Amino acid sequence: MPPLAMSLLQRVCQAGLVAWVVGTLTFVLTRTLPGDMAYRIAAGRYGHEQVTAAAAEAVRAELALEGSAVQAYLQWFGDLARGDLGRSLVSGQPVAGELQHLLGHSAQLAGVAIVMALLIGVPFGLASGLSRHRLLDRLGLALAVAMRSLPPFVIGLGLIMLFSITLGWLPAAGSGHLTHLWLPAMALALGLAAVSSRVTHHAMARVAASPFYAFARQKGLSARQALYRHGLRNVSVPVVAYLGVQLIYLMEGVVVIESLFAWPGIGHALVHAVVARDVPMIQGTALVLGLGFVLLNALVDLACRGLDPLRQTS
Amino acid sequence: MTPLMEVRNLCVETTQPPIHTLLHPVSFTLHAGRPLTLLGETGSGKSLLAQAVMGTLPPGLRARGDVMVEGRNFLALPARARAKWWGRHFALLPQEPWHALDPTMRIGAQIEEGHRLVAGRSRSAAQHATDQSLMRLGLADCRRHLPQALSGGMAQRAAFAAARTTEAPIVIADEPTKGLDSTRRDEVVTLLREALNERSSLLAITHDIDVARQLGGDIMVVRDGICLEQGEARTVLDAPRSEYAKRLIAADPRHWPAPASPAPASAQPVIEGRTLRMKRGNRVLFSNLSLTLSPGEIVGLTGPSGCGKSTLGDILLGIITPDEGHVHRARGHAPLRFQKLYQDPPAAFAPHWTLHTLLEDLCARHRLDRGRIPLLMTRLGLHARLLQRQPGQLSGGELQRFSILRALLLEPVFLFADEPTSRLDPITQQDTLALLTDVAREHDCAVLLVSHDPALITASCDRQVVLSG
Amino acid sequence: MTTTATHHRIPLLRLRVPLPRARMAGALLLALLIAFGWLVPLWHDVSPHHQDLMHTLTPPGAEHLLGTDPLGRSMLGRLTEAVRLSLGLALLSVASAAVPGVVFGVIAGWRPGLVDRSLGLVADVVLALPGLLLVLLLAAIAPGTFWSLYVGIALVLWVEYFRVVRTATRTLISAPQVQCARMLGFGPGYIFRRHLWPELAPEVTTLAAFGASTAVLAVSSLGFVSIGLRPPTAELGLMMTELFPFYQEAPWLLAQPVIMLFLMVLSFQLLAGREPQ
C-alpha cells in the first residue's frame, strides 16, 4: 500500500477509535446517572412546574435508561452510526444543529491562534537559531520555560487583567465582534508560540550546523541564498510535524479558554454540558473535538508529506 | 610557472587563553596540475589545515600565517569577503558527500543552482551545463533523484559537480574516500585526477596511503599538528625519513611481514558450515556454501560490502538461522567458547560501567579464575589503570584488546572477528591484528576474520574465503 | 575557608555527573513546595475550611499571614491544602503510570508478540483523544471525586512511558552490546540491570517530571472550569475561579494561587532537565 494511503487509513482508524471511546464513555455516563436523573433533566428542560411522569418517561426513553445494558449499548452505537446525536437535554434542540453553530466559532478561534503563534514563534526561532549569540538562545529558553509553566487560562487571566480591566482596550468576554477574538486567541497563541519558537530554534540550529548547509555556502551560495534554498524547507519539516504535538495543547486550551472568555464554541459547550449532565451534548461536543483533532493531524501529515520529498519516496 | 596558492607559516590555535597550538606552522606551494596530499591519522590536525585555508574554522579557533592566492593574502581578508571566494576560487569536496547534499532537494537542482547563482549563467545555460556535467560523471539518470537514492560513490561525484560549477582552480578534498570500499575509492581518485590541468590543482587530505600514492604529486605527513616531512610522493612513500612516516607506511597491509607458516590442519575441525544458503529480501547472498575451520587456523573472509560476510559469521555462531544447510560444531565445547569480536569496539560494551565491573561480572557469572586477567592484560599490552575506566574513556585499540581479553577468559575455540580493526588507525590496526592472530594461535583458537581489504586478509590469514555477492 | 571540591555529588543517588544548575534549582523549588504543603501546617495549624464572615478579604498580616478569602477562610490554610492536593495527586499518578509503563514497555520491546500488540492497542485508544478530553470525560462520570481525576491522569500518562521504553528497548535489544552480553552467557536480569536500565533511567525521570507537570496542569484546568474537584476543597484552579471576581478589591488573593501553580509547574519543568520533544 502506498505510504500516503497507509497514513490516511491510520487516521481513519483513529477516527473510529475516537467515536468508540467517546461513545462508550458517554454511554457509561448515562448508566451511572442517579435514579432521579430523568426528573432532574426533565425539570431542566420543561421547568420545575411542568415536570410530569410522562416527561420523565420521555427522557428515560431518549437516554435508554432502562432495559439490558448490552441492548442499550448496541442501540447507542446504532444511533451514533446513523449520525443521530439526539437532542440536547437542556435546550431540547437537535445536537447536530447546535454543533454546526459552535464549530464555526471554535475553528475561528483555533485558526487565528495557530496563525498568531506561527507569526510570533517562527521568526523568533529562526533568528535565535541562526544567531551565534548565546544570549538570544537563553532568553528564548527562559521565556519558553516560563510560558510552559503557565497554563493558557492563567495567561488568559493575565490578559484580561491587563487589556480589559486595567487598560480597558479590549472586551473581556463575549462574541460577535472582532475585538472579542483578540484576547482568547492571544491567550492560546502565546503558549503555542513559545513552543514553536523553540522547535524552530532547534531545527534552524541543527540545519545551520549540518554538513549540507556548510557545503551550500562553500559551493558559493551567499548566506541568504543558502537560507532560502536549503534552510527554510529543512526547518519547516520538523516545525510543521511538531504542530501535530501542539494540537493537543490547542485542543485542551480551547476547552478552558472558551469557558474563560465565554466564547460560544465547542469547548465552552462541552464544559456546560458536563456541568448540566447533558449527555447527548457531551457526546456530540467531545466527538467533534476528537474528530477535529484527528482531521487536523491528518492535515499535518499531508503538509509534512508535501514539504518533505523524503516521505514521498520512502 | 606562478603557483596557484602559496601557504606560508600557516598555524591554527585557540582564541581563548590558555592558547593551544593545534597545527604548528606549515608552508607549502600548490602548483597547477600538481596535487598535494596531506597524509595523517584522524586527529592529526590535517582537516584543520583545510579549514584554515578555506577560512571555515569553527568558533574558538583562529588561523595565522599567509595564504597567498592571486597575489592577495586570502587569510587577511574579512570573513565576508572570504566567503565570496568559495566556489569561485576554492572548490571544497566534502568529507561525507552523502551528508553534504541537501536531503530534500533533487540532485539536478543542487548542481543547477551553482551554475545559476554562483557561475551566473542563465536558466537555460545552467540547465544545459548541469546536464553536461551529470552526463560526464555517469549520473545522467540521477537528475531527479534525491541524495538518499545515491550510492556513496555517486554522491561523491554529484558533490564534485555541485562544487565545481565555476571550474574553481583550487580543489580541496577532505577525506574524499572515507567509508568507501577499494573499488569505489579508485573511482574517486580517478575523478579527482580529472580536476588537475594547466589551470587547476588539488589539495587532498587523507589517511589512506593508497590514495596518496595514486594521486602522486607532493606529500606532507602530518601528526599531532606537526608536519613531519614533505616532498615528492614517490620519494616520501618509498623512502620515508621520519620515524612516524616509516611506521605509517609499514602499517599498510601490503607491507606487513608474511604470516607465520599455517598451522597443520588437524583432522578434527572445530566448526563446520555445510551447504549454507541465505537470502536477504529477493537477493541470494550465498548458496551451497561450505567451510570448515580447524583449531588455531586463521581464515579470512572478504567480499564487497553487503555481500553477506557478517551474516555468514552470525550463522556460524547460531545468532541467525540459515535458509538452508546447517552448522556443525565439534563435540565437547560449551556454547560459550564460540565468541565474536565486533567492528565498533565501544558498541560491544555496556557504556555505564567500568571495565573492572564488567570483567568481574563475567568472572562471577561463570566462576572464572580472576588471576588470569592481569596475565592476559600484560600479554595484550593493557595497563592495569585502564580497568577503572568506562568503555567510552578508552581508545578504540585499547577497547578492542579488552574485547579480545574478554573472549579469551572464556577459553574460546572459535572467534568470529567482524572487521575488528576497520575503525582503527593504520598503526593501531596492525598492532591489534598481530596480537589477535598471535594469541589465537597460542590458544589454539580458530578465527574467521572479516575485512573488505584483500591485502589485509592476505597478510594475516592462513587461507581465505571470498564471497562474490 | 577551604573546602574540598564536592562537585554536587549525591552518593545516595549514585549520580556520577554533577547536576546541571537548572535541575538543582528545580529540585530545590520542589523541596520548598513540599515543605510548604506538609510542614507549614505543623506549626501554623489553620483550617482551610473554617469560615469567619467577620474577617473577609483581609490583606496579609500578623493574624492571617496570607490574608483571608471572601468567606473569611485563611489563605495560608487553603494554599497548603491545595499544594498538598496537587503534588500528592501528581506524584501518585506519575508513580502509578511509570511502574506499569516501564515494566510493560520493556516486555513489549523485548519480545514482540501478544503483550506488545494488545498494549499497543490500548495506547492507541488513549492517544486517539487529547489527554485532557479523556480526563474530562472520566471526571464527568464521577464528578468531583479525587479518584476519577487520578485514574484519568494516570491512564493518559501511562502511555508515554510505555511507548518511549518500548522503542528504546527494541533498539537496545538488537544492539551489539546486548547481543554480545548474550553470547557471553548473561541472562535477561543482568541485561536489564547493566544494559537497559542505565539507558532508560534518565529518560524515565525526565518523563516523570513532565508527567507531574501535566497532572498539576490538568487538575487546575478542570478545577478552573468547575468540572474538577468541588468546593469547599481548596484546589488551585478552583481558587482562581473563586477569587477572580475580587481581583480589583483584593489583587493579592488571586495572585497567590497563580504564583503557587506557576512555581509548581516550573519546578517540574526545571527538574526535567531538557525541553520536551
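Which chain is which? They are A, B and C, in the order written, and residues in each are numbered from 1.
One rule holds for everything that comes next: a residue touches a chain if its C-beta (ideal position, glycine included) is under 8 Å from a C-beta of that chain, and two chains touch if they have at least 3 such contacts.
All of these numbers come straight from a predicted model, not from anything done at the bench.
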{"item": "Chain contact graph, described as a line, ring, star, complete graph or other shape", "value": "complete"}
{"item": "Higher-contact pair (C-beta pairs counted), B-C versus A-C", "value": "A-C"}
{"item": "Whole-Å gap between the CA centroids of subunit A and subunit B", "value": "51"}
{"item": "Centre-of-Cα separation between subunit C and subunit B, whole angstrom", "value": "48"}
{"item": "Chain centre separation (subunit A, subunit C; CA means) in Å", "value": "23"}
{"item": "Numbers and ranges of subunit A residues touching at least 2 other chains", "value": "none"}
{"item": "Subunit A contact footprint on subunit B (complex, rising order)", "value": "54, 56, 59, 83, 86-88, 90-92, 94-96, 99-106, 113-114, 117-118, 146, 148-149, 159, 162-163, 165-166"}
{"item": "Of all residues in subunit C, those that touch subunit B in their complex", "value": "175-177, 179-181, 183-186, 190, 194-195, 198-199"}
{"item": "Residues of subunit A that touch subunit C when the two form their complex", "value": "14, 17-18, 20-22, 25-26, 28-29, 32, 141, 144-146, 148-151, 153-154, 157, 161, 165, 198, 202, 247-248, 251-252, 255-256, 259-260, 270-271, 274-275, 277, 282, 286, 289-290, 293-294"}
{"item": "Subunit B-facing residues of subunit A, complex", "value": "132, 210-212, 214-223, 225, 229-230, 233-234, 237, 307-310, 313-314"}
{"item": "Of subunit C, residues touching subunit A in the complex", "value": "124-125, 128-134, 136-143, 213, 217, 220-221, 224-227, 237, 240, 244, 247-248, 254, 258, 261-262, 265-266, 269-270, 275-276"}
